[in-house]
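Should a chain be cited, it is by its letter among A, B, C, D, E and F, assigned in written order, with residues numbered from 1 in that chain.
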Amino acid sequence: MKKIEAIIKPFKLEEVKEALSELGIEGMTVSEVKGFGRQKGHTEIYRGSEYTVDFLPKIKIEVVLSDNLLERATAAIVKAAKTGKIGDGKVFVYPVEEAIRIRTEETGDQAI
Amino acid sequence: MQIIRNLTRISKILTFTVALAFASSAFAENPPGAEQAVPQSASTTQIVVAETVEVTADQAPAEELKPTEKFWQGKAADYATFAVNNLWICIAAALVFIMHLGFACVESGLTQSKNTTNILFKNVFIICVGMLTYAAYGFNSMYPGDNWTIGKIFALGSPIANSFTEPDAIVSNLTSEYNPGYTYWGDFIFQAMFAATAATIVSGAVAERVKLAPFMIGATLLVTFIYPITGSWQWGGGWLKEMGFADFAGSTLVHAFGGYAALAAVLLLGPRRNKYLPDGKIRPILGHSMPLATIGVFMLFLGWYGFNGGSVLSAEPVGVSHVFVTTSLAGAAGGVAASLTSWVLLRKPDLSMALNGILAGLVGITAGADAINPWPAILVGIIAGILVVISVLFFDKIKIDDPVGAISVHGVCGNWGTVAVGIFGGGNFGVQLLGTVSISLFAFLASLLIFGALKAISGIRVSPEEEEEGLDVGEHGQQAYPDFMPNK
Amino acid sequence: MQIIRNLTRISKILTFTVALAFASSAFAENPPGAEQAVPQSASTTQIVVAETVEVTADQAPAEELKPTEKFWQGKAADYATFAVNNLWICIAAALVFIMHLGFACVESGLTQSKNTTNILFKNVFIICVGMLTYAAYGFNSMYPGDNWTIGKIFALGSPIANSFTEPDAIVSNLTSEYNPGYTYWGDFIFQAMFAATAATIVSGAVAERVKLAPFMIGATLLVTFIYPITGSWQWGGGWLKEMGFADFAGSTLVHAFGGYAALAAVLLLGPRRNKYLPDGKIRPILGHSMPLATIGVFMLFLGWYGFNGGSVLSAEPVGVSHVFVTTSLAGAAGGVAASLTSWVLLRKPDLSMALNGILAGLVGITAGADAINPWPAILVGIIAGILVVISVLFFDKIKIDDPVGAISVHGVCGNWGTVAVGIFGGGNFGVQLLGTVSISLFAFLASLLIFGALKAISGIRVSPEEEEEGLDVGEHGQQAYPDFMPNK
Amino acid sequence: MQIIRNLTRISKILTFTVALAFASSAFAENPPGAEQAVPQSASTTQIVVAETVEVTADQAPAEELKPTEKFWQGKAADYATFAVNNLWICIAAALVFIMHLGFACVESGLTQSKNTTNILFKNVFIICVGMLTYAAYGFNSMYPGDNWTIGKIFALGSPIANSFTEPDAIVSNLTSEYNPGYTYWGDFIFQAMFAATAATIVSGAVAERVKLAPFMIGATLLVTFIYPITGSWQWGGGWLKEMGFADFAGSTLVHAFGGYAALAAVLLLGPRRNKYLPDGKIRPILGHSMPLATIGVFMLFLGWYGFNGGSVLSAEPVGVSHVFVTTSLAGAAGGVAASLTSWVLLRKPDLSMALNGILAGLVGITAGADAINPWPAILVGIIAGILVVISVLFFDKIKIDDPVGAISVHGVCGNWGTVAVGIFGGGNFGVQLLGTVSISLFAFLASLLIFGALKAISGIRVSPEEEEEGLDVGEHGQQAYPDFMPNK
Amino acid sequence: MKKIEAIIKPFKLEEVKEALSELGIEGMTVSEVKGFGRQKGHTEIYRGSEYTVDFLPKIKIEVVLSDNLLERATAAIVKAAKTGKIGDGKVFVYPVEEAIRIRTEETGDQAI
Amino acid sequence: MKKIEAIIKPFKLEEVKEALSELGIEGMTVSEVKGFGRQKGHTEIYRGSEYTVDFLPKIKIEVVLSDNLLERATAAIVKAAKTGKIGDGKVFVYPVEEAIRIRTEETGDQAI
């Protein structure tokens, strides 16, 4: 099993979700994060003092899936999330040692 | 057990305090401005309607009439005028009251969410305690009549009257004999609402770092003892009044007073951590809720109709409507001017500056709302709106950290509004300058003394850790927006 | 299709309801207190200005004058007094109206964000439906004049008048002949604003677990049928009035009524899940927004100037200004006392307690705002402020779960304020006690009956799952603060 | 340096503007409705109290009296009536003012948090600039007296008077000679508060996508030049007035005007991105804060007592109290009807619809609050409440994207309220229809022209990127709720 | 060392925390996330337009622990978090290469 | 590639960010979390009832980086985040199998 962690632009969430659903992936966990990267933030002025907003709002999607889905899933995410503009985000892949569905106590690929 | 013991302690303290006030109000010499003050069980008997007067006048023997009824007999039109005047003072007091919600919202909106409960608490506390101490001491210190302790400069205060029972005292305090515009009670409550404002202004400037208890003590001392002193100089008929100083509703007496008291406190406190960086950069600390700040400013604007409009001290039509016009236009002009100024100087239109600009315009016109005509009132507002932006930038430049711009809005624009009466409102420029400078200075020094003493005794600043973590948890153990919480 | 069918259904129901009311108001016997009520197409003709009266009096033949003009002829001063009195009642009604925003904010601020839409909806609904049913039934049930159904204890209600067309009816309802302080319309609207308050108090206590539809039905029944009954006992001239009971603006008639109705509903409902843990520990459920709660309390305080001030029932200067002073000082004293009490008892100053304390002080002085003098008013406020803290702790201890402290603030302090008139306001202590106990009891029993019946019929509590998830989604499918959302 | 240069520029522009206004007000022909307008340094001398009049009348020689004192001599009762009338107009103006907070809260509550600062800024700006331009041009364009430029259809505006110095001018503008209900100043300020409302309505409908600068220009043009034109047709005594059109407080003149101006702007702008999906589905874009929206609606309801109540144009007791009753009941009925309609049609009770329903009922009764009786007023409210739900669904269906329902609430229900006067209020149905259609159409076309021109010149819509990211950052560089921030 | 990532129903947090504490686990990091899974969301109507709330609020617990605690910890979490109803959540296990306590610079099992 | 997950005190974010920037690390993802650990929370009273706030606000920084940067990065984070007081937080290191930059579809070290 692998875990895909995708950092994407917030407004791409729905498209990525649908792309994953089409692959038969039925579960994922999503959170709001702030990203710092090549996409530089903007400089703003608040009551006369300049400051840089260099942490931009991003969405993090986490999906644990079986190894055989990995390639298609990353490709689908990349396709759905791409705008071609800087700041589109990243896909990271991590090894997963175990997964358990709390409700049924199933483990492994059954659990996800 | 512990609880009960504590409770007994509290009730003892409180009972004692009230008993003291009772005693002094009952046995002390009559408070100035009140004829007598023998306690009376109930005052249900005081209600009179002119209507009734006429009817009873025909039927009942005159000796059965209550003193106020007797007074108004045959003066039905004067009664009506007095009723509308007094009603306006009361409504105006309610409007000024709501300014305290305005302050609470502006101050909490323009600061961080980790200090919100603290700021709200301070504002709630100040308006409550301000009314009480004004009743216990301030009112009579500020309006001493002829009872000056040190000629036209200082009068010792005393509790307000508890009731009026002698017919003469009733008439001389509760009819137009007291004042064509209001009863003794109307007078008190309108002035009481003003009193807490000065301390509330300080609250915003010292936000996010001041220790709660010393602030509460300092603010209480300011509002109880100091505000009435400078107030007496002008509205109490003191030395400034005699010089011809003009400050209609308090650009100086209330706002500059608060602004300069705030300045002293801020100097003693120092800036918030990490506000001014070692490399000379200024790190802005963003306000956590623009809707809250906006609600606050609208509440203040609304309240200002009572603040300025009520300062006509009657419902006299020309005065009230003129003041409504100048107040509205100056506030509006301040808002527009500050918006445009921030747009040009700071690249983008800054809502917080627009909001400050409205307040600046309102503070600016407060001294001359009655005396300045509408078009110059707009000019006063425009200048205040520009001034406030520059002033906020300036204080930040010299590292005086005022999270909500209180010193600029109330101090600087309070000064400006007062001298503006010397330019546009027929006032004497020199006297206006003298008046606003001397009161600002007095407020500054008194505040320096009070908060300086508190600093020496107990410290006035929270620990760096508490500042990082927020005063809500540190001082109150209560977050303003507690989020998810373990569920068992 | 479905939509259109549904729509037709709604409009049929609504039209029927209104038609009924129309019919009854038009053909029923004249409502008590109104001389007649034949429908009239427009009432544009009713406006009159004393000014005009005099002018036309000289020029036009008297028979062309409208009935009210004729009435006021030669009474220009009385007209002015009547105008200011009636204006004050109307403004006071608007101030009482804004108390409902206050309740909405306090209740939603002191509860969890997942139930916010639900609480706001309930408050919005209650004020709307309360005004309508008070027009349809309550006003005439509460103020029956001589039309009691069961002597001085109960009067059947009926719709308010729709218009007055006969000259006699116009004069007797729309001039000082009706009342020196207001017209029939002014009377109705001021009382209507009061009516919904009692039900709104219940709303806070049952928050976070009550089912929407049964609550709406129960609250509507309470405000429509029950509140007017106890109201009639005193303000309608019923048996308590005859015994000399004193409850100026409703410490008992409005607040204790609401508080004890809430108590009954809470007992039937039970506490929120996981509030009282098996091991005897009390798990606090934090309010989600202190700014919202603070805005609410300030709005309530503001509205109280109308609630108490308007209860003078005229703009009589001594009465209004006296009430403003006692109301302000008692509210302030309650806030300070509760702050200090929570500081001593609970280690840190609790903003939510300070806010409850202000409300406690205000509820406490409501019965005697006219009759109690300023210094005892402060004492009433202090005691209320201490009482409310202890009472909140007490109800939690005995596992009666009242998220916003409504039972303590309105019930307990309502009782206290009423008996306080027997101590400080010249009232008869025994009668005061009897009055507040009997009305509290009646409210409790009526509420027990209504919500008990609803519990038996449909249940009054949401499912545990819905409670976990929040009533906003469960009852309304609408979060109060929806956050990020898929973007397609 | 740069700063100073910029500052100089701003002050030059501003000074120039004000100087211009000064000049025109001073040297222009006397503004219509004002006798003369020679500048005067101060107007402190204007205050008079009837009380004094009588006293001085006996003692001082008549020639020392001020003009208003002289005028009121011997008319103490008329003075009292004038004082209460004028006071009510001023208080009503303050209540209308607070409606602008209502709009700001409703609009920001019903939209996304990333556009909140922008919406607040627009609302703050509009009320400020609206008052100023109404002073500079609009008031005299709307109330031309006999100075029509194109007979009963159009009058060129001019600045309001700055002061009145000649005794005759003082009397004819600042006593009941001007109007039995208010002074020149009272008249201006009450009308000025109305003026900005129309533009504010537009603000909500175009929210979340309109470019700031063009909106500010367009809204300013609308409120300055267009609103006074249609206003003059009726309230200024123009052609509609002469036909017997009835629109008491502006269901059409203010609300439908705003609603149809909004419709034109929305058509030019197009819907928000991703609101209407290619597959025909409508994607709801949730409002970010229900408490904010609720606060807004309560503030609007409160303000409406001034909006409608003040439109009696005096404190005449029957008129004011009747209007309070019809306004309250219609608003309440709208809220209940919309709640139930949304419950039946949309499965669950939708708070946002209940809130829209209250506003719909209030807009609906605005045209006939004086002329319609209470029970039909409820019917007007019910129909408005149902109508607004259907209308919101309808506009969404035809892909006209109005985030807050402004077109439905103000446009559609404004039309309904106006024709309702033809049904329930004794108005001529045909004339009512003609009036509401012609003003709605004119507002639509004028707005189409203005925003169309702005679209051609500079574009009126932000870039798709800015729309995604939010206008708060794009237009203001300022988030409404900035959260965690690097701490150095 | 391993990292357990548990996605659970929000109201189960306290119970899970206590279950872990009983095992002697003294540290964990918690965040609010939204979950998409078999537990279907609900369809709501806002101002007449339907939409699906398919991201439901969940709590994510992260615990880094030594290998020997792993089994007991997962079991404890599963036990504490289970309601038996759909949406109870998942437990995922990941390898951890290093842990450092910032305060003391201890590493490995010492650090957690 | 490795992933560093650092749990730090909120007010240390800026310093850590700068320390990482100095190493040439140009990307990171940040989120708000609540931490439970040896740094005991505080007991508060709300309306008379005691409760313990034992979840304290922390910031989680996630950085994916090439193996050769790992040591320097952890050292830099530890140095920047340290106050020496309890609750300073942790640094965890995880293996990463793949990284993709969505915009360019670059993978591996190129992507981060």
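Methods note: a residue touches a chain if its C-beta (ideal position, glycine included) is under 8 Å from a C-beta of that chain, and two chains touch if they have at least 3 such contacts.
Source: prediction; values computed, not measured.
J.: For the two copies chain E and chain A, is the contact made of the same residues on each side, with over half of the numbers shared, or of different residues?
T.: Comparing the two copies, chain A and chain E contact each other through largely different residue numbers, since under half are shared.
J.: Which chain pair shares more contacting C-beta pairs: A-B, or B-C?
T.: Looking at contacts between chains, B-C has the larger number.
J.: Could you put a whole-Å number on the gap between the CA centroids of chain B and chain F?
T.: 47
J.: State, to the nearest whole Å, the distance from the C-alpha centre of chain E to the C-alpha centre of chain F.
T.: Chain E and chain F have C-alpha centres separated by 18 Å.
J.: Once you find the CA centre of chain D and the CA centre of chain E, what distance in Å lies between them?
T.: One centre to the other, that is 53 Å.
J.: Mark out which residues of chain E touch at least two other chains, giving numbers and ranges.
T.: 11, 17, 31-32, 34, 44-46, 51, 55, 94-95
J.: Residues of chain C that contact two or more other chains, please.
T.: In chain C, the residues touching two or more other chains are 76-77, 80-82, 84, 87, 91, 274, 283, 286, 289, 295, 345, 347-348, 350, 352, 477-478, 484-488.
J.: Please name which positions on chain D make contact with chain B in the complex.
T.: 3, 6-7, 9-11, 14, 18, 21-22, 25, 39-44, 46-52, 54, 68, 76-77, 79-84, 86-87, 89-91, 93-94, 97-98, 100-101, 104-105, 108, 116-117, 120-121, 123-125, 127-132, 135, 159-163, 174-175, 182-186, 188-189, 192, 212, 289, 292, 295, 475-482, 485, 487-488
J.: Within the complex, which stretch of chain B touches chain F?
T.: Touch residues, chain B against chain F: 274, 468, 473, 477-478, 484-486.
J.: Taking the complex as given, what residues does chain F use to touch chain C?
T.: It is residues 44-51 of chain F that touch chain C.
J.: Which positions of chain C touch chain B when the two form their complex?
T.: Against chain B, the touching part of chain C is residues 76-78, 80-82, 84-85, 87-88, 91, 95, 176, 180-181, 274, 277, 283, 286-291, 294-295, 297-299, 301-302, 305, 309, 312, 314-322, 324-325, 328-329, 331-333, 335-337, 339-341, 344-345, 347-352, 354-355, 358, 370-376, 378-379, 382, 386, 390, 424-427.
J.: Could you please specify the touching residues of chain F with respect to chain E in the complex?
T.: Going by the criterion above, the answer is residues 2, 6-8, 31-38, 55, 58, 60, 74, 77-78, 81-95.
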